[in-house]
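Presented sequentially are two complexes of chain A, the first with chain B as partner and the second with chain C.
Up next is the complex of A and B:
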């Protein structure tokens, strides 16, 4: 029986956050702490010849400089290992330079000022490679086909099509740019290494630090209690972690590194440039019957971020025949990675653009056209889609937005001052993935509750979701509820990403609450005691009860827990044994294109999401608004530009990499279908943080077409493209 | 008014008396909590160890700084290169103001200097000489919340919370400047503070809400 709707509650940690009390990694203050500053390579590819540290060591306050000599060889992946276990350790400081900005030294000093001055005084010499490939169009770029995705027979179906549209779309390289940069503090004490790092995967950091530094993972604890925005950047092992840890081990003092943003641009992952060539065929009645879609993206020489651009497109519109290809194009860059809605965001920008083009070609209203393409079955697996209220999202959104006020012809809606107005719609889906979990709950007679579970708080509101679900099940004091997440010393920590947080903690909460209730019942043995659980325990003089549970995703086997314990990775879905599950969203955007400057404004967006049962309405609304802001930034502003002469990124700060500011954002009206998924978990919740963004950039681009008649197929769409 | 000039010595003594070895202090996450992070709270929790960190070696170019931070006089010998942000965070352990860019591009480090909002990463600590600094920690007195802080909670004007102290300090200054007159104006005058989580709709609503309460107060 799926859970009833939830009441709204305030964000669990909002009070500390508005008081400035929330402790982020960079806020950690430890006695005797050293400040670290990394020194980036100034060549795009080659080898370090020498690193002169003498000048740096003369600077008052500089204590030590680490170079490649200070690092041991990492532990190679075990023979025959597959998946995560086969991934090589993230390099430490090594003589080989694979990309501009890779670290060549780490300066340790008594103050930030001395560390910065020390880093500037380091003199490195290099043997640069004769050539390097900075762009996917450069000589030496290596194209490497990857897994295709197919359903039915698209070529055959395409041959029957009465109308075909074909177009190529491109999405640029982009950087996450959470306002908190990368930061690590490491402490080596009593034979244990404790790493405080703003990470979405504490266990990932632990496993990788062990590999990179050739240590037993059992002596490493990683703590990530609050993250100042992650968006996927902080989900992979970072280059700086092992450097800082090694520095703490060599000096015996705590070491903190807050990496400057310019270096983050070069060392962290990013969203790779991707290209999308799509053909959609419709039959004589105007029904989409065939899709052919070739996608590729920029990749580093050894990078592993897969070009999975067919993650949610085949299931969107009930088209049985789909032919999707993918490829990596390997060049000399740091490794790209997962950035919010990694594949569905660029894919939906392209795909929803082509769908819009097709609707126009067929003379159909883009909303009605999408409504006519509901889906019940996943054409790839053949299984039913477990819950899908996309048409409800579209219908409700059209109503709230006032779609009926739109006139179909491009350029037909103009304000008195000549401003062109456009209405655009686009939809999105995101896989509903879930993970195994391990949780421990202790309720005490003194009124306190401690709940340790696998989750990381990066602002999405997972603490609020956990509190909401736990407090609904157990009569405990919310004021003394301590949620201990992101800490590998308590329970194993699964990577938090891919919108699987909520659907992965809820089963653990259900299980732990049931076990706690049973334990209390057994303890009371039929006695009736008034009051909450704390009161009951106090009355029978039991200091506390602690219970532990482990839970699995649908269809998962017990051994998934091994992956969770070892590497923080135990995922299932969106294809479960008998069904496939996605979250859905429909976005409606209004754009205004100014007559003379051609500046594009987005005064309002309406977004309606189907994420199953909504657990925390307030944080869910904020998540969707955030996703829409991201999509507006992506559609109109954000692109990281490669310097083809020297490698590396040109606009590597927040003045030149332009993200949306307050004045760029208008009204964002968000609501939810809030109907439970019948199969994924008992609460009926799917995921939200990623789907929030999917399709929204397409809605903006489609609205620009409607306003101006210009079909712009490359993000970001800027003034110069509309002149 | 408390004078912190001698607190570094004091801190060392307190540490010695309690015999807190580095090892025992660092054993668990809970140990972090023993290091006071603000000036607030009972006298025995006054700043200790964190203020000692980072000054084992006197910087070559130092200046004696005397300033008022959150209503308390602070006297320190500081590195002449030190930004106000690093001074607040690393010397005074007032970590509410955040470093997002260190280049004056994000607003996460916003504090009030003589009542005006400034990017503390672009302000030399030495420039605070004889002036009054207010940080997020000093915005409300004691346990109560400033109307702007309450409004940020009520409108969920935050997600990760990293930009939030800067947003709130900018927002309070904006209202005091008389700029909270319309949504459009608030948006313009809040555009020096980036929220990558995208909480802008909530931030504007919170400022409108708090502005009416601040005017009444």
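Up next is the complex of A and C:
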């Protein structure tokens, strides 16, 4: 039976955070610790010829400088390995420079100031490559087709279409910019390597550090307590980890690196530029019948982040015939990677734009047009969609937003001062994925509870979700509840990303709670003892009970747990054996465009999400607000820019990579359908963090069209595009 | 950032003496919001910092006499919230509170603000430093090395006053408002004290873009004087940027109007964000004299303000945007009661 709605609960860690007690990874201080500073390459491609360290070593406080010769060749992946296990090790410091900013040396010093001064004093010489390809349009860019996604026969269906709209959209390269930049602290002691890293994937870091440093993973522990923003950048192994770990091993002292933001722009994974060519055909009645969609994106020479832009578009509007193609365009850059709603965000900006174009071309209201395209079946797998309340999201959103006050013609809503007003709608979906999980719970007679489980806290509120679910099941003292997550020394840690955190932890909580209740029942053997579990244990003089469980996604095989233990990767969905399931959202945006200087304001957004059962309303609302804020940033502000003569990223700081500020954000009204998915898990919870952002940028762009009559197909939309 | 010595004199005379003693590698520092930034980026490398912020009596705001006088050490936040300014010279107050963030305005001084360095990306990110990563030629940073912004990503670059050696925008807001309002700066230095119209403080880049200010070595700004004018009340600082706050101007306009009914008796117009120095628009001012102010005549004046503008690859929009910004500023100012 699906779980009842959850009551509101304050954030589990709110008090500590407000009091400044929460220790983020970049805050760690250890006795005898060395500070590291990485030295970035200043060429776009080539080879390091020499690194002179003498001047740096003269600086008081500089202890040692590591260069390529201090690193060993990594162990190649085991034969027959697949998935993440087969991925090549992240390079350490190597003489070959694949992109500007790659580390050429690591300076270790007694203070951060000495480390920085030492890094400035390093003199590297290079043999630059004769040419390099910094843009997808550069000579030497290599287009490489990737996996297609097809359903039915789109060409045949398109041939029968009465109305066709075709357009090309583009999304720029963007960077995550969490407040806490990449940070790693490593300790080599007693034959064990302990890595404190702000990561969403402690097991991923462990596996990759082992490969990069040719170590047995069994001697490595990775701990990620609180992360100052991850957004997917901290989900994959990044360049700094093995450097810092090696430095700790060579010096025998703890070593800490907090990478400067400019270097993070150059070394960390980022959202690649992507291009989207879309044709949608509608029949004579105005029903969408065929979709052809070709997507490509910028890729590094060896990068593996796939161009999966057909992750949720085929399931949006019940179109049976879909032809989705993809390609990587390989150039000289660092590897791109996952950034919030990695594929559906850019894909929905493009797709929902073309849907909007088609609605206008057909003379239809964009809300009514979408409502007329409900879906029951996933055309790709043929499975039923297990819970889909997108139309409920659209209808409720239209009501709350006051969509009926809109007039259809672009440019028809004008304020007295000439400001143009536009209403826009766009929708999104995101796969509901589940990871296998392992959890261990200890309830003690002294009133304490320790719960170790696979999850990471990026600020999204996973600790609040865990506490909410655990405390509903077990009568334990919330004040002495210790939630131990992100720590590979306790239980294996899945990569916490892709909105699967909640749906993956809830089954583990259900299982561990049931096992604990059974163990206590067995212990009491029929005796009735009043009070909470701690009191019961104390009464029978039992110091504690500990239970461990492992859980699997629907239809998942037991061996998935091997993947979880090895590399933190044990995923299933959104296609499960008998059903497919997604989370959905509808966004409505109002924009105001100034008559003369053409600034775009977004005074309000209404967002209604279907993420199944909502476990923690407070953190869920916060997730959606954050997603909408970022989508406004994406639509109107953010782009990382490359000067092709030099390579690298030019606007590599928070002053010039323009994210929204408070004054840019108006009212964001969030609510939820809150109806459980009947098949995915007992609680009926899907995911939310990713879908929150999907479609919101499209809603803004569609509103700008409605306000001005200008269809702008490239993000970000800036003043110069509307003058 | 290299190590430096640090002294904190108590008087202007002590500060100048400290500078003479320290020699050419010395730099004055007040709020530090700009200097520390360019030091961390390895753009400037002073060996001696002379912190003038403890000098007494240099932070006064005097509005009661026949001119406005701002001590160089008055904080931006203090001047921005001065009640007389808010009522009688909104152009000055607005230029300050639309700059930076509250935290920075609490630190930064109105004297130091006049000497802020450009935000040109190639200037800032080009030293190959561990923080900035890029390595770009820049005549302002390294004379004779070339200008990477020319032919590059020049969306933010100047369209007025640029040379073949440099297109970097003068970044300030407050200097633009002061330029419109005919301000004078008071200086003290090894050779004594003097006063200079603010328009003369800023050089055009020409073929020496590394020389930005008409200051002698060891000279320090002690005060800013603004003559009182009835145009002050009908004034505004209008700033257009890539976000609502915490950003430098793409285009800005400081305007003040002396009106006779709906006709302009005298206009003050200066632009920011588009020029290599605060840009006084005399042609626009003259065009407005005697005119009835309408959205159309305001835009004509705006176009005159951008006369002679030359665009690069990506900043052509600034010519149009600058004209429109002036036009909107004129209409906003005219709405205000004298």
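Just a few scattered comments:
Rule of thumb we're sticking to: the second predicted complex is superposed on the first by the 723 of 723 C-alpha atoms of A that agree within 3 Å, B and C clash if a C-alpha of one lies under 4 Å from a C-alpha of the other, contacts with A are read in each partner's own complex, and residues count from 1 in each chain.
Here, contacts are C-beta pairs under 8 Å (C-beta built on N, C-alpha and C of every residue); 3 or more make two chains touch, one makes a residue touch a chain.
No experiment lies behind these values; they were computed from the predicted model shown.
In the superposed model, A:101 makes contact with chain C only, not with chain B. Chain A has more of its residues touched by B than by the other of chain B and chain C.
When the two structures are aligned on the shared chain, A:458 is found in touch with chain B, with no touch to chain C. Judged by the touch definition given at the top, the superposed model places A:719 against chain C, while chain B stays out of reach. In the superposition on chain A, contact is made by A:179 with chain B only, not with chain C. Of the two partner chains placed around the shared chain by superposition, neither chain B nor chain C is touched by A:282.
Residue contacts after overlaying the shared chain place A:385 against neither chain B nor chain C.
Of the two partner chains, chain B is the only one touched by A:23; chain C is not. Using the contact criterion defined above for the overlaid structures, shared-chain residue A:660 touches chain B and also reaches chain C.
In the superposed pair of complexes, A:32 makes contact with chain B only, with no contact to chain C. In the three-chain superposition model, chain A touches both chain B and chain C at residues 113, 117, 260-261, 653, 655, 660-664.
Considering their complex, residues 15, 22-23, 25-29, 32, 35, 37-38, 49-50, 52-60, 79, 81-82, 86, 89-90, 93, 95-103, 105-106, 108, 135-137, 140, 145, 149-150, 152-154, 156, 158-165, 168, 186-188, 190-204 of chain B touch chain A. Taken in their complex, chain A has these residues touching chain C: 37-40, 42, 100-101, 113, 116-117, 119-120, 260-263, 265-266, 596-599, 601, 637, 641, 643, 645-646, 648-653, 655-656, 658, 660-664, 718-720, 723.
The part of chain C that touches chain A in the complex is made up of residues 1-3, 42, 119, 121-122, 125, 128-136, 148, 151-153, 155, 240, 242-247, 250-251, 317, 320-321, 324-325, 327-328. Listed in rising order, the residues of chain A touching chain B in the complex are 10-11, 13-24, 26-33, 35, 60-61, 110-114, 117, 176-181, 187, 189-190, 194, 223, 225-231, 254, 258, 260-261, 458-461, 487, 489, 618-619, 621-623, 625-630, 653-655, 659-665, 667-668.
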